[in-house]
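Below are structures written as structure tokens.
Presented sequentially are two complexes of chain A, the first with chain B as partner and the second with chain C.
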Partner chain A sequence: MRLYLEFVRRVFRRNAAYKVQYFTGLFNALLGLFIGVAIWRAAYGGSDIIDGIGKQEMVTYAVLGVLMRTLLTMNEYLIDSKIRSGEIAVDLLKPYHFLGYVLSVIIGDMIFNLWTKVLPVLIVSILVFHLTLPADPTAALLFLISLVLGFLVLYGFNLIFWLSAFWFHQTWSILTIKNAVILLVSGATIPLWFMPQSLADILAALPFKDIYFTPLAIYLGQVSGNEIVKALVVQAGWIIILHGLAALLWNRAQSKLVIQGG
Partner chain B sequence: MSLIQVRDVRKEFQIARKREGFWGSVKGLFSHHYDTKIAVDGITFDIQSGEMIGFIGPNGAGKSTTIKMLTGILVPTSGEVTVLGRTPHKNREMNAANLGVVFGQRTQLWWDLPLIESIELLKYVYRIPENQFRRTLGMLSDLLEVNAFMNTPVRQLSLGQRMRGDLLAALIHEPPILFLDEPTIGLDIIAKERIRDLLVTINRERGVTVLLTTHDMADIEKTCDRMIIIDQGSLIYDGKLAALRAQYGKIRRLRVDFRNEPRSLQLDGAVLVNQEGLRCWFDFDKDDITASQLIARISEQEEIVDLTIEEPEIESIIKEIYEASSDAARQAKGEQEEQVLQLI
Partner chain C sequence: MRTFSKHTPLEYIVLYGRFLSMIMRSRMQYKLDTLLTSAAVLIRECVTVLTLYFMLNKFSVINGWDLGQLLFMYSFVFLTYSLCILVFTGVRDFEWAVHQGEFDAYLTKPLNPLFQVVSRKSDVMAMLGHGGLGLLMFVYSFRLAGVPATGLNVLTIVMVLIGGILIQGALLLVPASLTFWITKSSEVQNVLFYQMRGFIAYPISIYPKLVQWLLTYVIPLAFVNYYPAQSLLSRQSRGLALLSPVIGVVLFGLALLLWRAGLKRYKSTGH
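Here is the complex of A and B:
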């Protein structure tokens, strides 16, 4: 365990070495914030309420969407580049779990994002957009739980795509498509309640909504009581399925590498 | 028992066959045709504790495949590999604790962080007790002279410094075996010398068994007693460097500067290979004629102003061996094809 904490620490510090990348990332997040809010304000026009969702609520949704996306920005090419450079051999030669290392890198990046990008953008949002706060501490806590589960759903989903590099060698195109799909149907930009009913029904059966939409709906109090528990259980279920698949894929990848030599 | 045993090891790869043209590539996505490529074709050798061995061969000869089987990253198709009495791929993590590995073209150091950060991380990776870690670190950093740049980010180090940092990282858990894959690649002549001296010290004073692959024959000459040469997956030489020289390097080249334009020289046992004005080059076999005999014969006929005798570089000996082995392989292949034709 100590080893993985040491990984996280180093990844955090490595991020700090790239100042230009940091400032462009921060600028990007701020830009996303203002654009997201502007679009929804324009969409609402003169009306204060659409489909039972208030304008201020929707602004809060957009702001939180940007914050979550900033937080959950992951290094998509970690495994891809290790395979292509052959560096994966060096990792396999070390007595640690490679996937534990990958998770440590992602968490290290996330902690860096949290302190240096999410916090400043959050402060700007509160000052400029008067963010709606959660109704009570319980709601805030449930949101945080759902947020962590949402991260794990996204991470499991991503891991499956990242590990595909063992077979495809080039993952840029499929990762780009994957990210576009997530952006559209996970609730990261458009809440599911504004989707056509038929599409919303399909999306309800898929794991995408469990990344962004579920935590955000809980924050805004759109889910209540038993429904919250149900939503959390669904998230947990997808985590088990996606991570199980990823583990299966990793075993296949390892034996492919060891028997076939990449 | 030997530290490392390799017994009749074979490694085949299945390589997906590439098809021609657009439709070929589309078909390739759905159905697979594999070609079998033999990377290592039944090699056997033993390495004793404390040896320092040069492991050489042309590109694609099967060197890194062999090294990867020794580390346990690859499983042999057949045959047996044993390192410290264990099968590497069945005990990869345990085997890893006994190995230090340096790939000259890569680094295991964290690029953006000070060198010490990568080294301290290895303390946790190998679970090295704190006082043992401090002791080893102290000894190794004095030996490798890395103290001056211990707190410099790795990306700011020169290639020679980085290589010393990589050696430190490979040795910090005090492995009895060190694998080096082209450790001097890209280094300037002084940095090369320094790495070679360090490798010799690590081998002699710390008793680490070293297996070194390289394309720079000077690396081998200056560090290794024993040399293993493989080509096209087969072992073609395993023995002392000196014996190799004696076996292959019998031809000497004599360069002579004459006072006057030489007339046709009558020389038994030597061949005129080149002439530029008053300067001539002769090749001779030192078993047929001694240098002094040859010089005596020449000076009987012409007046010599200056001369030198060149011993063949180890490189040209190796080149001769590679060429002989690929000729043999080509011949074997030709015969096979002939047989096939006869069958038709």
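Here is the complex of A and C:
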């Protein structure tokens, strides 16, 4: 465990070394926030409430959506580059679990994002956009639990696609398409309640919504009482399924390992 | 660069055509990869378009713009970027070419260095992805937005496209020229060009006055799509659309001056 914590610490410090990249990343988050808020405010126009969702709530949704995306930005090519360079062969010999190492790196990235980008931007946006705050501490806590589960759902998805690098020699296209699909149907940019009904019904049965939409809906109090428990259980269910698939894939991958010239 | 002008413009055009056909042919050696990457670019860019489509499904009008008008306006962003990147990929990747020493090799050849930067590379996949999406949106929205297909409109659209290519080409050439002074010019490009482009997905009238002013007078990306669309949709005078190519030429001229100043400096420091 201490070894993995050391990985997390090093990744954090490595990120902190790239100062220019950090500032452009911060600027990017602010810009996305600003554009997102502007378009939703314009869409609402003069009306204060549409389909039971208030203008201010939607602004909050848009802001938190961008912040969650900033938080959940991961190094998509970690496994790909290890396979490409052949380093993976050495990594597998080392006395730690390779996927544990990958998770440590991702967590290190996320702690860096949280501390240096999400928190400052969150404070600024609470002041500037007058974000709707959770109704009570319980709602806030449930949101945080759902957020962690949302991360695990996304991580499960990602792991499956990252491991595909064992079979494909180029993963850029697959990962790009995966990210586009997730962005569109997970509620990151547009909540399910504003999507066409037939599409929303289909998406309700799929795991994508559990990445962004479920936590945000809980935050805004659009899910209540027993429904919250149900939503969290569904998230947990998808985590088990996705991570189970990833584990299966990982076992296959190890026996399939092809390295240039070996 | 006077010293390089041993060749006539016609020779340059022929040479450019040869380089481009070579790039295309080498790219087509990997047909599946090219196709898959182009499709990925198209799908990635689809996200904002489909989000907008869903929003309009719900809200029908945003700031006085309906679905057809918004898609018509947005299509120019993709069409111009597609053609811009077809030509200016080398300018986009200039920092890399300098750091790799590729640019130094260009300087040893009896051809204008900027010509070589431009003609040696072309991101075919980005061109196909953005262009494909832009065409789909344009065809879909042209009638929906109610733009009459008159000769004058067609001519205006061509001028607007040229203006958009030059404006964006200039906004890529400025950070590329800065490579002669600073090491991380790609971050300048990222902020000045790629992040700023995020604004013009929507009519700039939804932003505060300061941002509108910025996108009109400082980084005139609003002339890529917003003002031309206003004009083609008969919301503002036709002259506004014709301002795009004018601004494009002026801006590109200024970027060219910066490039020349930078190049002079680069050579004077012992290269």
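Just so we're on the same page, the second predicted complex is superposed on the first by the 257 of 262 C-alpha atoms of A that agree within 3 Å, B and C clash if a C-alpha of one lies under 4 Å from a C-alpha of the other, contacts with A are read in each partner's own complex, and residues count from 1 in each chain.
The rule is simple: contacts are C-beta pairs under 8 Å (C-beta built on N, C-alpha and C of every residue); 3 or more make two chains touch, one makes a residue touch a chain.
This structure is a prediction, so every number in the text was calculated from the model and none was measured.
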{"item": "Side-by-side fit of chain B and chain C on chain A, or clash", "value": "fit"}
{"item": "Which of chain B and chain C A:I190 touches, first, second, both or neither", "value": "second"}
{"item": "Which superposed partner A:F7 touches (first chain B, second chain C, both, neither)", "value": "first"}
{"item": "Partner chain(s) touched by A:I39 [first = chain B, second = chain C, both, neither]", "value": "second"}
{"item": "For chain A as apex, the angle formed with chain B and chain C - C-alpha centres, to the nearest 10 degrees", "value": "80"}
{"item": "Residue contacts on chain A - larger count, chain B or chain C", "value": "C"}
{"item": "Partner chain in contact with A:L257 - chain B first, chain C second, else both or neither", "value": "first"}
{"item": "Touching partner for A:G86 - first (chain B), second (chain C), both, neither", "value": "first"}
{"item": "First, second, both or neither for A:L31, with chain B first and chain C second", "value": "second"}
{"item": "Which of chain B and chain C A:K94 touches, first, second, both or neither", "value": "first"}
{"item": "Distance of closest approach, chain C and chain B, by C-alpha atoms in Å", "value": "6"}
{"item": "Interface residues of chain A shared between complexes with chain B and chain C", "value": "none"}
{"item": "Contact footprint of chain A on chain B as seen in their complex", "value": "11, 13-14, 39, 65, 68, 71, 73-75, 89, 92-94, 96-97, 99, 101, 103, 106, 108, 110-113, 117, 120-121, 124-126, 153"}
{"item": "Residues of chain C that touch chain A when the two form their complex", "value": "33, 36-37, 39-41, 43-44, 46-48, 50-51, 54-55, 57-59, 61-63, 184, 187, 190-191, 195, 198-199, 201-202, 206-207"}
{"item": "Residues of chain A that touch chain B when the two form their complex", "value": "2-3, 6-7, 10, 13-14, 17-18, 85-87, 89-90, 92-96, 257-261"}
{"item": "Parts of chain A lying in touch with chain C, wherever the complex brings them together", "value": "20-21, 24, 27-28, 31-32, 35, 38-39, 41-45, 50-51, 170, 172-174, 176-177, 179-181, 183-184, 189-190, 194-196"}
